[in-house]
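The same subunit A turns up in both complexes below, where it pairs with subunit B and then with subunit C.
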Partner chain A sequence: MNASVQTTGRYPPGDFAIWIFIYAELLAFGIFFLSYAFARANNVELFNDSQLLLNRTAGAINTLVLITSSYFVVRAVAAIRDNKAQLCAHWLLAAILMACVFLLIKLFEFYTKYQEGITLSTNTFYMFYLSLTFFHFMHVILGAVILTAVMLKARRGGYTREEHTGVETGGSYWHMVDLVWIILFPLVYLIR
Partner chain B sequence: MKLRPCTWTWLILMGLTLAMLAVGKAGLGGAGIVSLLLLSTLVKTQLVADYFMGLKRAGLLWRAVVTVYLLLVLGMIGLAYWLSLS
Partner chain C sequence: MQYQSQAVAKPYFIAAIGLFVGQILFGAILGLQYVVGDFLFPEIPFNVARMVHTNLLIVWLLFGFMGASYYLVPEETETELHSPRLALALFWIFLVAGALTVLGYLLVPYATLAEITGNDLLPTMGREFLEQPTITKIGIVIVALGFLFNITMTILKGRKTVISLVLLLGLWGLAVFFLFSFYNPANLILDKYYWWWVVHLWVEGVWELILGAILAFVLIKMTGVDREVIEKWLYVIIAMTLITGIIGTGHHYYWIGTPEYWQWWGSIFSALEPIPFFMMVIFAFNVVNRRRREHPNKAAMLWALGTPVMAFLGAGVWGFLHTLAPVNFFTHGTQITAAHGHMAFYGAYVMVVLAIISYAMPMLRGRAAANSDRSQVMEMWSFWLMTVAMVFITLFLTGAGVLQVWLQRISEAAQPFMVVQDQIAIFYWMREVAGIVFLIGLVLYILSFFVGGEEKTVKA
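Here is the complex of A and B:
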């Protein structure tokens, strides 16, 4: 898809294929979310008791971190539309650093649970908690790798005001990673 | 100073997240609180879709897919919660 098609407003920013991928990913996460919600309906006490042992502050900080990272990506796209490739690269670097903060906090959470002897087989809640958050964790890593590739190309002057589909494609994927975490956070950490 | 729409969106998202954390820290639960949390989540995710992903200026179908998805997923989470009460 070229830039002129995007400006008609019919297509969302980025490559057509990434949107098919995004919708497929949303479907996968949606099934995961509903499996959790209906499993909880049959084990309310177990889920509520186990949820109390989660670090809500870490979950909330990670939400703020991902939202901010997404905002930086929006600014990166705005910068390249102004033909400011270096500024775009700087915003992308800031977004990647925030992704690293997210991963570190999540690793801290995983490590804490490991230290407490909690595994996938501890109970149904932790099976969902660990698998859902690890599934998302892998998406954050993939998103950070994509943003890094886009940033390096932007730094080399590989994008212009006229042709910057790669920035929008990477950005759209990153926003999807943010969007699913915004649902995951209240579902797993707060709703009781 | 005039803020960009994406900056307003970011500020609203941060504010709603902090409000949700306050609810979580207070250990609040129940149907009313869960409804508020799900409504806040719907607002937050639609804002991300519209102003971060750029769907507000995309064709209706592209935007509708995400909106219907959000309504379905968050609605079903609400239904599962309601079932757990009975």
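Here is the complex of A and C:
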């Protein structure tokens, strides 16, 4: 990437308050994952059997979609550090579109499961599958809303090379949403 | 006092303290009835004393929240209240309705009260904490709507701050969720399900927003720390409160006939409920450490710092103690719940109301900023007496609860409820002693208002 990119040199990037929020979110998902592991240990067969019925292709595509969106966010931050606000806004728009693709694929997954008559009460595995993916789904929506707010401000010229904390803040949150999925996907869809 | 209309907060605060005394007196009666079963029977049966104890708590906290709102909203919005006269009228309506309701509890049998208040037309009575006659409930809604109208109009015409908006969100939530007290389905599961929408979503949801807003206001005023810093904390705290608190409702749905997934949802999300309280502790001490002035009201500062600490212990730690479904399977409905209830209510809501009263009352009574040294010393004594007494009440009830769970539910030779109650009587006696110390602390608190002396002045 561009070697002349300016960094603010601050750590952590973005507003400190978002990091408290990110840590709290990671803790919430962490406890959810631990509960999953705990429940699975008591029900290995049921979990393995039910897991086979998930749509792994959709999950894998969504993983690529989210990682790509994170890459676009990285480009957006790089763009604003290069003082290119419009370019930054374009990259953010691309990331938001990827978020929408994720949501659509996920909705399709939810829909097919609904068609199969699967609910939270089907069994413990599906309770976790539906709860975890829905909880994450809501976070993708929140992340997309945050990115949209940042994009609109970038488009209005609200960020510069010197002051672009907002872009880093939104980007940090978005990476968290991505990171959680990167753990969630293998944990729930793949690991046996 | 910067705005004339803030003065309407004063009667609200006085009524709150008056009803607080009533609550504690009935608490002392109730505590004794645990060990001397026929104490004051048949004049004040246990169930009536309990109803008065819990209802008075809720009503005086509501008076406190309203007084706090009338005091802080003009300063936050930098404008006079929309209608001080409406505020005063509602004060009297609420006070008279509250007094009549309590008299109704005490003077006639509950069934008669239901009959003469026309409970048949719209049955809402007979449920824990929502025992009020239907007409009282309607009165509460009218008072709440008038109050919200007044506060909302004031905020709309004035400066909009994060504190006043969070407060407004909390107050509206309080009113909206109370409406579920009118929904009383015949199906017991549905009844309990929505009953918690009032009870849980109040104390573990919207009330926490009110708590956060009041605490933030007091801290801004006393420390002079930048609003921006405090607002950022407030955002994060209320976001965490709502995320954990709303789905955390599930920790009441374990054993009432709702689907099994609530055991997971309730356990996971309510296990996170201590986080916003922990954030409040860090927030409060952080802000005080960065203070830009030494406020002369040391007593108010003590209450303001005590609030998050005791709230974290009572609501956070003691809540977590029995929130996980496998634990709660054994502990639900025991003295563990009572222990948690006492410290959580005291730490979160009693203390924050006393904090704003402590901060605002000197100004409402015409002083520049604070009471005299002597008065403050007495108030700080009352702080420590009440707080330490509450810690002991909680510890003794926890001891009683642990033994109760063991003897009645876990042990191989499980014993019946009343047999177990006899064996844990010593804990109830000790709790009663701690309760009397609490009462002494409360008496000192009230006396501190009447101690004169030279006023402390503000140092820049």
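The criterion applied here is as follows: the second predicted complex is superposed on the first by the 182 of 192 C-alpha atoms of A that agree within 3 Å, B and C clash if a C-alpha of one lies under 4 Å from a C-alpha of the other, contacts with A are read in each partner's own complex, and residues count from 1 in each chain.
By our rule, contacts are C-beta pairs under 8 Å (C-beta built on N, C-alpha and C of every residue); 3 or more make two chains touch, one makes a residue touch a chain.
Owing to the predicted nature of the structure, the values given are computational and were not obtained by experimental measurement.
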item	value
First, second, both or neither for A:L120, with subunit B first and subunit C second	second
Touched partner set for A:V145, first subunit B, second subunit C, both or neither	neither
Partner contacting more residues of subunit A (subunit B vs subunit C)	B
Which superposed partner A:F33 touches (first subunit B, second subunit C, both, neither)	first
Which of subunit B and subunit C A:T57 touches, first, second, both or neither	first
Residues of subunit A contacting subunit B in one complex and subunit C in the other	27
Subunit A residues within the subunit C interface of the complex	15, 17, 20-21, 24, 27-28, 31-32, 35, 39, 120-121, 124, 127-128, 131
Complex contacts: residues of subunit A adjacent to subunit B	9-13, 19, 23, 26-27, 30, 33-34, 37-38, 40-42, 44, 48, 56-57, 60, 63-64, 67-68, 70-71, 73-75, 78, 168, 172, 175-176, 178-179, 182-183, 185-187, 189-192
Touching residues on subunit C, where the partner in the complex is subunit A	232-233, 235-236, 239-240, 243-244, 259-261, 264-265, 267-269, 271-272, 275, 279
Residue ranges of subunit B in contact with subunit A within the complex	4, 6-7, 9-10, 13-14, 17-18, 20-21, 23-25, 27, 29, 34, 37-38, 40-41, 44-45, 48-49, 51-55, 57-59, 62, 65-66, 69, 72-74, 76-77, 80-81, 83-84
